[in-house]
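Labels A, B and C are assigned to the chains in the order they are written; within every chain, residues are numbered from 1.
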Amino acid sequence: MSARLFRPLFMGLVGLVMAMPLLILAGVSLNAKKRLFFPPDGISLRWYGELFSDTGWLNAVKNSLMIAGLSGLVALSVALPLAWFLWRYNVRYARVLFGLGVSPFILPPVITALGFLSFWATVGMYGQFTAVVISHGIFFVTLPLVTISLGLESIEAEVVEAAETLGARGTTMFRTIVLPLVRPYIISGYAFAFVLSLNEYIVAYMVAGFTVETLPIKIFNSLRYGYTPVMAVVAVLFVLLAMLVFGLLARFGDLPRLLGAWTPEDR
Amino acid sequence: MAELQLKGVGKRFDSVTAVENVDLTIPDGKLVCLLGPSGCGKTTLIRIVAGLEEPTTGRLLLDGEDITGLPAHRRNFGMVFQSLALFPHLTVAENIAYGLRIRGADRAAQNKRVSELLEMVQLPGLGERHIAQLSGGQRQRVAIARALGLEPRLFLLDEPLSALDAKLREAMQVELRLLQQRLGITTIIVTHDQREAMTMSDLVVVMGDAKVLQIGTPLEIYRNPVNTFVADFIGSSNLLPVTVTGRQRVDLAGQSLTTPSIGAEIANGGAATLSIRPEDVHVLPRGTEGENRIPGKVTFIRDVGASVETHSDCSGMEVISVASPKDRPSVVLGDEIVVELPPASCVVLSQ
Amino acid sequence: MRRGRPESLTGWLSVSWPTLMLCVFFVVPFTIMAAISFFHRVEGGFYEPGFELANYARFFTFFFGRILGFSLFVSGLAAVVCITLGFPFTYMLTRLRRRRQVVWLVFLLSVLSLSEVIIGFSWSMLLSRTAGVSNLFVALGLMDKPVSWSPGFAALMLGLCYLAFPYTVLMLYPPMSRLDPQLPEAARTLGASPLRTFFTVIVPAQRGAIVATLIMVFVFTLGAYLLPQLLGRPQHWTLSVMITDQAILQSNLPFAAAMAIFLMLVSLALVGLTYVIGGERDRS
């Protein structure tokens, strides 16, 4: 097999395997009957209709979207000043702070979820909406922290110095130079946190699973207590939403760069 | 008036001394070059002047006023960086107007100044372009315009032309010099290219090993280098090991040569280096007698059209002579010749 | 870009909010959890404050040891498979034209956002008898009749690798995209075939990134708590599953906390290892 053919073949195969779950989800969501057989029975949009008419599902959608939106902001509020501080100053325990910011995400989620459970139970806020928002916010701090740090690193030191010689410092420097250059990374960090929060199960479950039902919780409950294809509908919509968000990021920003790819010419 | 004085300025980074005890006066309205090889401290020095580094010792005085503690953003010194450091998220006009904008100047004032500067650097009408769309030479000019935006008292440039190709660089050297003279602005340029320094400066400060080695006009430094390092760095030079035999005499491999007065720091009998520029060395046919003429044999001839370079072996040492085409010596490879080192052109340096 | 320590109070102010948030909502919860791991479990409910090592003592049972061993084995295997497939894949990805790269990246990011629940559900369907891939093979004539491959060890491995693959690629992406393209070109001009170039030039050049990603993927898969339940049989349940099980279903928070602390220490040690290796690489 020639080298030329190998690459598209290999990548194509991997891509196919990656796409298979998405295909089957689409299949289940469009299936006329409840149980999916191969070959499929018929196409129907009834499950999509059910999602948007069933109050249980709609409520879960609302919860998920609100939690994702708000927790993303919480994560940003922690990540941005921290990343800026670590970039601007030379403090001895900087690495510790960065490690702290990155830990919630690196550790197995079960552990973080359990930690939050213990905390909120002790503090008496177990089961509350705010508790989920804050938990997700802290849990997902890592993503904007990493992307914003990446963005700050990409700013040439001499650009900042040039601004200094022209009279900029402190908040002016931040407002006119740093922020505009780091904005795409802030947005992408938020987008990552948002999309991942929508899909997050265990932390939301352990903190307020019985009172605040998010979509992943509802899906899992459906799996256990009564299968319905509406789960697949949700999954398909989530994937489409993710594709939309990341597609927009790619369209308006430099996605390879946002993910850390710098060619030597860039610097 | 903008005269800068550096008194005893030094900078240490942990255990490394980047700049040691620099005493320097940059006269008002003059273009001064800090010249030296990489690592000699010239970039650190200009950064100290800009306020981007704090000196470990010494003071800086601008027209007598002590500015050592003044932070960079209050000094109003226009600086062009080696990487140009143009703001990638702003257009050409926004880059140039930046200093004015953050000081709260109104739109009209900003626009007026921007057009003035674009005219000055010969880029009229390019205001709305984005930085990424410019060529190297154009970016260069934008960086210059931006630095001059606030009519700074000092104009600092750190290897400004190093990213340009040779032809463009030579053209820019002349342009920059003319611009500086027209504005009459006190300017400091850092460069490792001695031809650049010779072309543009009123004064050259040669640096090596964190120290200032010599200060003088380009011609002074060329004609009277203070040590072998400077002699070798500026232009090319024949550096021949000799022994001092008198206050105006040295011995070169058994031959006695007359030289200008030798400094007191080299005692009779001491080792020294004789420096003489190739264009001062004459190649003559064997047999002609005269002062400072030593025998040799031609080992290599390089004719590059604009000049002819003749390499000779004189008692084991290589002596290079350069002549214009019309003064070309009529010799061929292997000829026995005589090399003349006119006394007035000889400089005796301690090793 | 660092310039010394903050001069004024406002400098320190910027970091005070993040530090406060992280301390209150991260450090404190973990301290509480650590405390709970020493508490006494009360039947039919939570726990009462106390100090006993009974929970940790259970680590030394055969039962626990088996689960721990299996968890480490499964994560290790998944990490190796992901790297083996992911490394060449990422290399090929970085050599693509920009447009194609971006399409793939959007695709991978979208797959990455899939939750474990969805992945587990989809793969259990894909491997089922009635609607799964085996039906496709039957239609193509490769098999006689459809078969169910889930739950089972292979199903679990497939699910774990699927879960970790986009993560692997995105971790390898930065270092691989910075690889000097002239390196393999130089090898080619010296007569090396593409395969040879790959193994003798590319792989060694990315040694550090490979090891670091290996460890990170290992830690990542250790955290899978649903896939072993959805795609595996009870003997395939990993440590994370046990923690969830004990915490929620058995209401044994102290034991769950103890296992969580243990898992956390293992994870932190491994992540710390990547830091050390990275530091060594920088120094050499």
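The rule is short, and it goes like this: a residue touches a chain if its C-beta (ideal position, glycine included) is under 8 Å from a C-beta of that chain, and two chains touch if they have at least 3 such contacts.
Since the model is a prediction, treat every value here as computed from it, not as a measurement.
Peer 1: Select, from all pairs of chains, the pair with the highest number of C-beta pairs in contact.
Peer 2: A-C
Peer 1: Measuring centre to centre, with centres taken as mean CA positions, what chain is farthest from chain C?
Peer 2: B
Peer 1: In whole angstrom, what separates the CA-based centres of chain B and chain C?
Peer 2: The answer is 58 Å.
Peer 1: Centroid from C-alpha atoms only, then distance chain A to chain C, rounded to Å. What do you get?
Peer 2: 16
Peer 1: Across the complex, what residues on chain C touch chain A?
Peer 2: Result: residues 1-6, 11, 14-15, 17-19, 21-22, 25-30, 32-33, 36, 46, 85, 88-89, 92-95, 98, 101-102, 104-111, 113-119, 121-123, 125-126, 130-133, 135-136, 139, 146, 162, 165-166, 170, 173-174, 177-178, 180, 193-195, 216, 219, 222-223, 225-226, 230, 240, 243-244, 247-248, 253, 256-257, 260, 263-264, 267-268, 271 of chain C touch chain A.
Peer 1: Applying the document's contact rule, which stretches of chain A touch chain B when the two form their complex?
Peer 2: Listed in rising order, the residues are 156, 158-159, 161-169, 172, 176-177, 180-181.
Peer 1: Any idea which chain A residues touch chain C in the complex?
Peer 2: Listed in rising order, the residues of chain A that touch chain C are 3, 7, 10-11, 14-15, 17-22, 24-25, 27-28, 35-39, 74, 77-79, 81-82, 84-85, 87-91, 97, 100-101, 103-104, 106-111, 114-119, 121-122, 134-135, 138, 141, 152, 155, 157, 160, 195-196, 198-202, 206, 216, 219-220, 223, 231-232, 235, 238-239, 242-243, 246-247, 250, 255-256, 259-264.
Peer 1: Where on chain B does chain A make contact in their complex?
Peer 2: So the residues of chain B touching chain A come out as 50-52, 71-79, 81-83, 85-89, 98-99, 101-103, 146-147, 149-150.
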